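Okay, so chain A shows up in both of these, paired with chain B first and chain C after.
Let's turn to the complex of A and B:
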């Protein structure tokens, strides 16, 4: 007989084990789906998860893809740890990209070492400004940050549409919705000849280190943790909740804005309508898969990044529809949430005689 | 005996030839990069129909669907170029810069970019269709069929391609009915059924009884069907989605061009080109005309179609005036391709301003 018993305390070992379990279950379910669709499951999984990163170029593309995911997820972990549900990282990314892209366009055809830092800073500020809207509305008007941050995503995309179609469109570009190409001084330097991986990866790594330090070595990190467990306790302890809410949103916005900068001043090199394939939303999966832990997020961003690359490879070589990549992302989140059940409950096998 | 020898000699020659052709054909692999899903019944669907024509001609093809115009496009292109594809068709405007960038790295791979204007390397060609010719036909039908004299037009983005379509549509409608007005709603999307349906609804509420569209989903014709007004299918024959509303469709027919270009690669005769084909070359196809249209209109449309194909009629024949009444094309003249490619002003009779 099987009996389900509630745990006295969430298990710490299982806390870090369930993401691995979720990935494993995703692979099994994915293999099953491939089988049902009439593909050889192991071959399909090989094309999905091994072939795309089997060479130097593939691996560099993995890092390129993981960089924005990691950066945004680190920012989001500040919010999520402290019970602030910022769902609008995509909007903060977009607005950060708009501000930094605008600055980059101001320096059109100009060269100088000072341009790139200004462009990067502008992106961080843009993301912070945009994240401050749901933060301020939450703290002073008690609005729901989930709704506000989510709706602002669509607003930011419309602003971007307006700018690239109208005032910022390339004057030599037949009015197509895109800006001019940025000058070289406004672009992140490439790390290796022939590969697209750029200096933005250092921004992500810096965010990882700083977040680890803040989470585990500072009073702010402790405050966030307590607020995450219980807002009442936090209030009782006398923490200034409002200040913290605004701060975590600003950090989160800055990270998303920087991710946007990385895309437009890295591989894209201009502003157009589609600067992000929904990194801001996918990063939510990354943050939870990484258990809101900086190191966990690094691994999670690599795992999720590979679902993008794998989907392309699987379609090119096996004609598996590319949208299976999204199915894999959904499955990872689903199995993670489902296996979290094990955190709070344990399964006991009881002999029938007893 | 003698006859038999000759016959077997000839037949083996034929066989050898077929085998050689087959072997050559087998060697060339074509890849297609799509912006949407192959099942969108619009833009991507029609490109995939073209791809299937290439397959039917005996070539191997690969496609990748739903490739965003973000940083991802470049990786997909590089991967296709790296994995033995000889010619790659990139079927959305937003792939222009990635296409040229990757083309530079793979000089032996041919790249064909749809609707763009950059050919920075000798292995990049561009192609587009003269959809405005199809819109001349739609305008003629709309101008004849409207009773309210208000024609709605759901537009995507204010680029020359779309402005040109609005103008050619309006000019043709005015020719058969000088009192018509074309009302435009900008959806700022190529494919968003929700937004497109809203735009169509707004136009119908403003009194439009014929709706034209330059967006790709079937939402508009379905909305027209519900409201009991006429509409035209876009990209593919959309009659089955709204049998009462759809009078005809302008179909994008890429197959002949694709087969031609892949064959050129196989024969080693491929060279850089900027192709702009219309009804005459079969890249723009008019679907069956609905029986709700009066017989004389149908025969008029058939004749117009033939005249556009032969070049006897041009969609932009003067005198053409802009909204302010300035002469754009003088009497007896036709607009040249340069003017068409950069067309960014409305002709007289179009309501509103081009969004800036």
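Let's turn to the complex of A and C:
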């Protein structure tokens, strides 16, 4: 007989074990899906998860995809840990990219070491501006940040669309929906010859370290945490709770904006219609899979990045649509939420007595 | 006709907790039964089983020898079991009459007649055609009772009915209940207030930790014996020594006003009082009369005019809670789980919420975890918090232990004034005793207390002076010895 018993307190070990369990269950379920589709499950999973990162180029691609995921998820962890449900990182990424792309275009045909920092800063500011909208509406007008931040994603994509088709489109571009190429001074340097991995990865690593420090070691981080759990408690303790909410949104927006900068000033070097394959949404999964902890997020971003690559190889070698990648992302989140049940309950196997 | 209700071997298990452990009880009409127990003793689960809200894992319920299958509240109604819950289930914007007919399929006219007879018979003074939101809590409760009476129930269950009532409303309720009982309705009265049990009931069943511990007749019991059964240990009675009359003024409130933009809050009008060192000022009142607003104005969550609050010869009306703490004030808000502490955070993190400059919890913007932990350990041992793990999330502390932690956190900085709001609300008798002892000790150390509470007994026990708040206004301040609970009740109802 199986019996479910409540735990006296959530288990620390289980807290780190459930993400692993979720990934395992995703693989099992994924194998099953491949089997039903008529593929050999192990071979298909190999194409999906091993082949794409088996060589140097593949590994570079993995880091390339993991960088924005990690960066955004770090920013989101500030929001989520303080109970602010910013799910519009995709919009903040897009708007950050628009602002930094606009600045990069201003310096078109110019060279100088000062250009790249300005472009990066512009991206962060763009993301912050865009994140401040749901934050201010939430704190001063009691709107729901989930709805506002989500809706703004579509607004930002339409703005981008308008710009690359209209005023910012490349005059010599035969009406393709894209801008001019940025000058080399506005691009993040590539790290290795022939590989696409670029200096954006350092931004992500810096974000990991800074976020860990701020959240776990500073008074500011403590106040953010308290304000997130309860504005009433924050007020009672004497913190400025509303400012804390706005601050976490700004941090999260800045990170997403930086991810946007990385996307357009990295290998691509221009603004175009589809600058992000929904990194902003996928990063939500990364943040939770990484348990909102900086180190966890690093691992989670690598795992989830594989699904992007695997989807592409699967499309090429197995002729299945690349949206399988999203199926896997969905399954990870699904199994993670399901296995979180184990945090609070344990399953006991009791031998039948009679 | 005689009604007999039998609960036979009822067990209800939740993950990690046995709410009812093989409970068997028998009730007969003509008597009023008390079901007594602390919070979490299992009495609510038991009455929810009787009213069909919860289905037991094991056990049976018989009404006049018929085995009842209670799978929903509707089944309970059909079987003539009526229940008045602690929180009212009324539509505020509908009229009293509309509320009464809403779950009935009888004709309006015949129902109206029926309701009129009930109102006349029991002397309820209620206008059927005004919206429920205009009624007092006592009247709302009467509407709930009438709703049960329409169905001429055999059993009427009352769940903690007096928690929102004034003294006068309570005695009116008791009169009605006695009348119902004489007419043959079996009454089960759930409470943790011992005094009420002694006043009203004929028999008492005591529950503790899901188990039935005793069934006895009231005439064989007294308050102490019941309290001991409820807690499972012998309690000492606490008495406050009369305070040395000091004339050394600590805090003075002058012409304090607060006007809220929120229609659900109460405005404070022209509040004036002062508290001397070593004194406890009790502020009584029915909840929702401005207590919460008064607490916030005093704690600094709501800022007021600088000169309206004078503390230790400083004007502090415009200071934030943190700044006020530096002047040696401490605050214990009403809501333990949503305001005074954060259940999802660890014990030591909750301790850091009272950030007093000299305790050095935060240096140059960095958290000084060792200092906080050291401090937390001291609170835990000094204030008898029943745990040795300060890394535990505070949601795993019982209400009593959490309150001890909060009071401890506020007191360990040895403040001159503690302002507390319903400090023992919802706690078990043991914890209440501990908190009361602690508060008395503070006064003995020549420190002052402002005690805002809806519990009249607590106020009479602890206060040196008492005032009553009604609709945002304070009554004159009276000496506690000259006050009776009857007098407080009248003032709480708004009369002069």
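Here is the rule we go by: the second predicted complex is superposed on the first by the 339 of 354 C-alpha atoms of A that agree within 3 Å, B and C clash if a C-alpha of one lies under 4 Å from a C-alpha of the other, contacts with A are read in each partner's own complex, and residues count from 1 in each chain.
Here is the rule we go by: contacts are C-beta pairs under 8 Å (C-beta built on N, C-alpha and C of every residue); 3 or more make two chains touch, one makes a residue touch a chain.
Bear in mind the structure is a predicted one, so any value in this text is a computation, not a measurement.
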May I ask you to decide whether A:275 touches chain B, chain C, both, or neither, giving the answer as first, second, both or neither?
-> first
Contacts of A:235 with chain B and chain C, given as first, second, both or neither = second
Could you let me know whether more residues of chain A are touched by chain B or by chain C?
-> B
Could you tell me if A:142 is touching chain B, chain C, both of them or neither one (first, second, both, neither)?
-> neither
Touching both chain C and chain B, counted on chain A across the two superposed complexes | none
Can you list the chain B residues touching chain A in their complex?
-> 31, 37, 62-72, 74-76, 78-80, 83, 93-94, 97, 117, 157-160, 188, 341-342, 344, 355-356
Could you please specify the touching residues of chain C with respect to chain A in the complex?
-> 14-17, 299-301, 320-323, 325, 331, 333, 335, 338-342, 344-345, 349, 352-355, 362, 365-367, 392-393, 396
In the complex, the residues of chain A that touch chain C are 4-10, 216-222, 225-226, 229-230, 232-233, 235-238, 345
What residues of chain A sit close enough to touch chain B in their complex?
-> 57, 61, 64, 161, 165-167, 174-178, 181, 196, 263, 266-270, 272-277, 308-309, 312-313, 315-317, 319, 321-323
